[in-house]
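Should a chain be cited, it is by its letter among A, B, C and D, assigned in written order, with residues numbered from 1 in that chain.
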Amino acid sequence: MNADTVQRWLEQAAASLREQRDYLTQLDAAIGDADHGTNMDRGFTAVVAKLGETDGPSVGPGKLLTTAGGTLVSTVGGASGPLWGTALRRAGRALGDAEEFGSDELASALDAALEGVVELGAAHEGEKTMVDALGPAVRTLRESLAGGASLPDAVQAAFEASEEGMRATVPLQASKGRASYLGERSIGHQDPGATSTTLILGALASTVSAEK
Amino acid sequence: MNADTVQRWLEQAAASLREQRDYLTQLDAAIGDADHGTNMDRGFTAVVAKLGETDGPSVGPGKLLTTAGGTLVSTVGGASGPLWGTALRRAGRALGDAEEFGSDELASALDAALEGVVELGAAHEGEKTMVDALGPAVRTLRESLAGGASLPDAVQAAFEASEEGMRATVPLQASKGRASYLGERSIGHQDPGATSTTLILGALASTVSAEK
Amino acid sequence: MAIATQVMKKFINDPADVVKESLAGLAAAHPDLVRVDFENQIVVRKDAPTGKVAIISGGGSGHEPMHGGFVGAGMLDAACPGEVFTSPVPDQMLAATKAVDGGAGVVHIVKNYTGDVMNFKLAAELAEDEDIKVESVLTNDDVAVEDSLYTAGRRGVGITVLAEKIAGAKAEAGGSLAEVAAIARKVNDNGRSFGVAFTSAWTPSSPTPTFEIGADEMEFGVGIHGEPGRRREKVKPAAEIVAEMAEAILSDLDAPSGSNVLAFVNGLGGTPTIELYVIYNELAKQLAERGLTATRSLVGDYITSLEMAGASITLLKLDDELTQLWDAPVHTPALRWGR
Amino acid sequence: MAIATQVMKKFINDPADVVKESLAGLAAAHPDLVRVDFENQIVVRKDAPTGKVAIISGGGSGHEPMHGGFVGAGMLDAACPGEVFTSPVPDQMLAATKAVDGGAGVVHIVKNYTGDVMNFKLAAELAEDEDIKVESVLTNDDVAVEDSLYTAGRRGVGITVLAEKIAGAKAEAGGSLAEVAAIARKVNDNGRSFGVAFTSAWTPSSPTPTFEIGADEMEFGVGIHGEPGRRREKVKPAAEIVAEMAEAILSDLDAPSGSNVLAFVNGLGGTPTIELYVIYNELAKQLAERGLTATRSLVGDYITSLEMAGASITLLKLDDELTQLWDAPVHTPALRWGR
């Protein structure tokens, strides 16, 4: 994998966030402040525009991700901006300056992303946040790779784990973010951030599986 | 006729204004500011309370009317307060200190009332105001009395003339009061003040016809 | 949902008490500035009567902070609030006039509504019977109304706020009864207003809102009691609405290119500040196009129509005299600077 | 009528431009007080940087006049407005911090919302990288939220306005970075708030209002972004609503009988002034019952939630220091006295 992989990933993520924008906003309206779809869409649209400027080949995949992360921090605001921005920056730093990267590097990059999110947001799994989707995905990726799965299969498994984690947020009571103000009233709703997280991981899965 | 006649008249007027309160307010909502029923009801309720204080017999009919007029001025506000207040005060002054009064005095009293209204409000017939009900009534009373009609019949005729005048306000375009702001949009609505005027004259008619 | 539009949601108790209770709140919140005489239902400047010419105003309630919120140093000496949307009674104006007259006379600032005019007229007569000099000033700045033989004349709206502030400064500066009345009339003559409503106010004592309006309609030229304006039309972008409001005002106000104006963007009660500044932004463009400069501004809810969503624009042509009087200190519950 | 509740009636153009256009209006209306840096989307005090300790704040838009309307002498040096109901990005806070720092350091006043906290945190780190001393102060006064391990903590609401005013006065008086931050924290520690909503705000970019609420319901304990409160219930008389709001606040704030408080009755955007004073009247009774005296008051729309109909009450326990700083001159678009 290389810079093009990352670029395709981010473009696909942007596309599906755009597509699911109103759905994400509605989820946020139920337990938040009705802007998550707008926030993520605004951010990833800016990312794609930004990547358009920096001409692909010359820039490595790591730099691409840190740039993308910085762009999210600078354009999203809200909780998801710093969180996803930090996630991508950490992932980018993990990839370093290499032109190419393999499955192990990808797994370490996602580990770093998760760490960044937890460091900044202090949320752990079960608090009804994006961590509930990202955590299982990162774990599953490592495990399936360790189990000898092919990269596409491992990433697909990671994506499915994130979906499961996303669905598992429904019965949870939020204890982080805006939704926590609802107390028990947050139970029964799917977390918007966990949902956008699966969209982003879904984009990664299809990008990777499309690689020759 | 005497003070009791006046007292019964005002009590009956208060009763029917109370009964038609919301209707009057709705008429005012259409071409004014939706308070005419509230205003007239507030005023005549105060009048009845006031008359309760001043013990009837000792006070002559003229004084009763001026007191009632003063009470309206002090409690109604809006356009109708000064107008009806002035009307009753002028009528009272016309009756003077006499203990009793007859049909001629009644006619002169109503003449004086109309004069007072026109002096203060500067409205003439056809401007879609209470004058469109009061004017014809006053004229008709004089005419029928001159034509030899009995007092009850003459007052009934005056009441009916006011009703006709009230209905005739519907096609008119208001050129006085709030309704005038509507311009042509005031056409097609019945004037609230003309409507409350017929209620007050209706009360007079039934009071007089009830007299032995 | 039909019922949804028919439930009144207000912070009130018995609708019959809302005016008195709101006045009690005003008195409790600003004991240093005003006292409320509940028997006469008037708001009086704490230190009245002063030696200067006094100024009172009044009108129906439901337009808060006007007028009670403008009682204090450099503005009104007393305010006479009537029932909601119903002009006060002469007894109130008489009591207020007597309470504030320090011998120099009293200016009555009256918004041009038939009821207000007649009640103030009776009050002025009563006051003169008691040898108090009264000068009445009529405000009639609403260009939404044709000023013709066929109407009660233009309604008094936003300019009233500016007239009370500027006349108040003139009185504070020692102006005579005639001078204070004259400056108030000058403000009225040099000002014009226009209002737009998205929703209707709802008088607490009324079973329904004052008027019905479609979910996508606005009343162009609305009055502060919900009186109809020039037309009903579909809601449209702020840029278009404000352009038409500005045109209505500036085609009537003689303000040649190069003139300075006070630009007053007023919320009618239900429209938030973020929108008032969007309106101001559009208004500034309209003024610039015509070579006009807003050397002074006022943005906020100063003359409202209960919870009506909507806004009005008032433009006052300024000269040095009016500008200085506008800048003079004022200290009231709703308008304060310089002290 | 279902559709009636689904048509947005606002004075706006393209919803995407509402924040920038409102800021342009603010700049146009108050050129003597503020300038707007549109590239960084920040409102900066006209004469910044000054030598004193600087204070900035920021948060999502939709709460006007907070924060942009509080930029000026004696209050904020800069404000960072995000998109509607979305916290600003670190770039804005960094730009604002650099624009106002005169060398004495910059206090960041941050309302306790996850997004605001994280964005300000990143900004503070970036500012320190550029050798600017930053002290962050968190406001979290909304007692409607349980402050526990199971929430993001209490929301920052009305006390933020008072903290910005009082810290601004402290900075103007020459307080050090630590002193200014300390006084802001003191205000937060001694203040509590509670809000009630009758209707929902409607984010311009959103297809529907933030929340649905029955025609006869109110949200008891609402947040300024429409966050839910303690419960949904039927609308009831103001006396009962205010009694419960006061109880919620005063059972949490340690204000023994005999204490002086600043009583702040705030409109959330769609509730008119007449009702705010009815609320104040009820609040005054509640305070009296508990032997508390409102030695200072503030009544009006200062921290709103777009056009939400509703109100909040903030009580700040006062001592001489806080009272003097409150009384100190302030000159901003929305809060002004003493000059």
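One rule holds in what follows: a residue touches a chain if its C-beta (ideal position, glycine included) is under 8 Å from a C-beta of that chain, and two chains touch if they have at least 3 such contacts.
Remember, it's a predicted structure, so these values are computed and weren't measured experimentally.
J.: If you take the chains that touch chain C and keep only those that also touch chain D, what is left?
T.: For chain C paired with chain D, there are no chains in contact with each.
J.: Measuring centre to centre, with centres taken as mean CA positions, what chain is farthest from chain B?
T.: Farthest from chain B by mean C-alpha position: A.
J.: Determine which two chains are connected by the greatest number of contacting C-beta pairs.
T.: C-D
J.: So, what's the distance in Å between the C-alpha centres of chain B and chain A?
T.: That pair's centroid distance is 77 Å.
J.: If you average the CA atoms of chain A and of chain C, how many Å lie between those two points?
T.: Each chain reduced to its C-alpha mean, chain A and chain C end up 55 Å apart.
J.: Compute the distance, rounded to whole Å, between the mean C-alpha positions of chain A and chain D.
T.: Distance between chain centres, rounded to whole Å: 32 Å.
J.: Among the residues of chain A, which ones contact at least 2 other chains?
T.: Expected reply: no residues.
J.: By the document's touch definition, which label belongs to this structure's chain graph: line, ring, star, complete, or other?
T.: line
J.: Which two-chain combinations touch?
T.: All touching pairs, sorted by chain label, are A-D, B-C, C-D.
J.: Show which residues of chain D lie in contact with chain A when the two form their complex.
T.: Within the complex, chain D contacts chain A at residues 60, 82-91, 113-115, 118-119, 121-122, 145-146, 149-152, 155, 203, 205-208, 210-211, 223, 225-228.
J.: Which of the residues in chain D come into contact with chain C in the complex?
T.: 1-7, 9-13, 18-19, 21-26, 28-30, 61-62, 64-65, 69, 198-199, 214-216, 218, 235, 237-239, 241-242, 263, 265, 269-282, 284, 294, 297, 299-301, 304, 306-307, 309, 311, 331, 333-334, 336-339
J.: Which part of chain A faces chain D closely enough to touch in the complex?
T.: 22, 25, 29, 32-35, 38-39, 42, 73-83, 120-121, 173, 175-178, 180-183, 185
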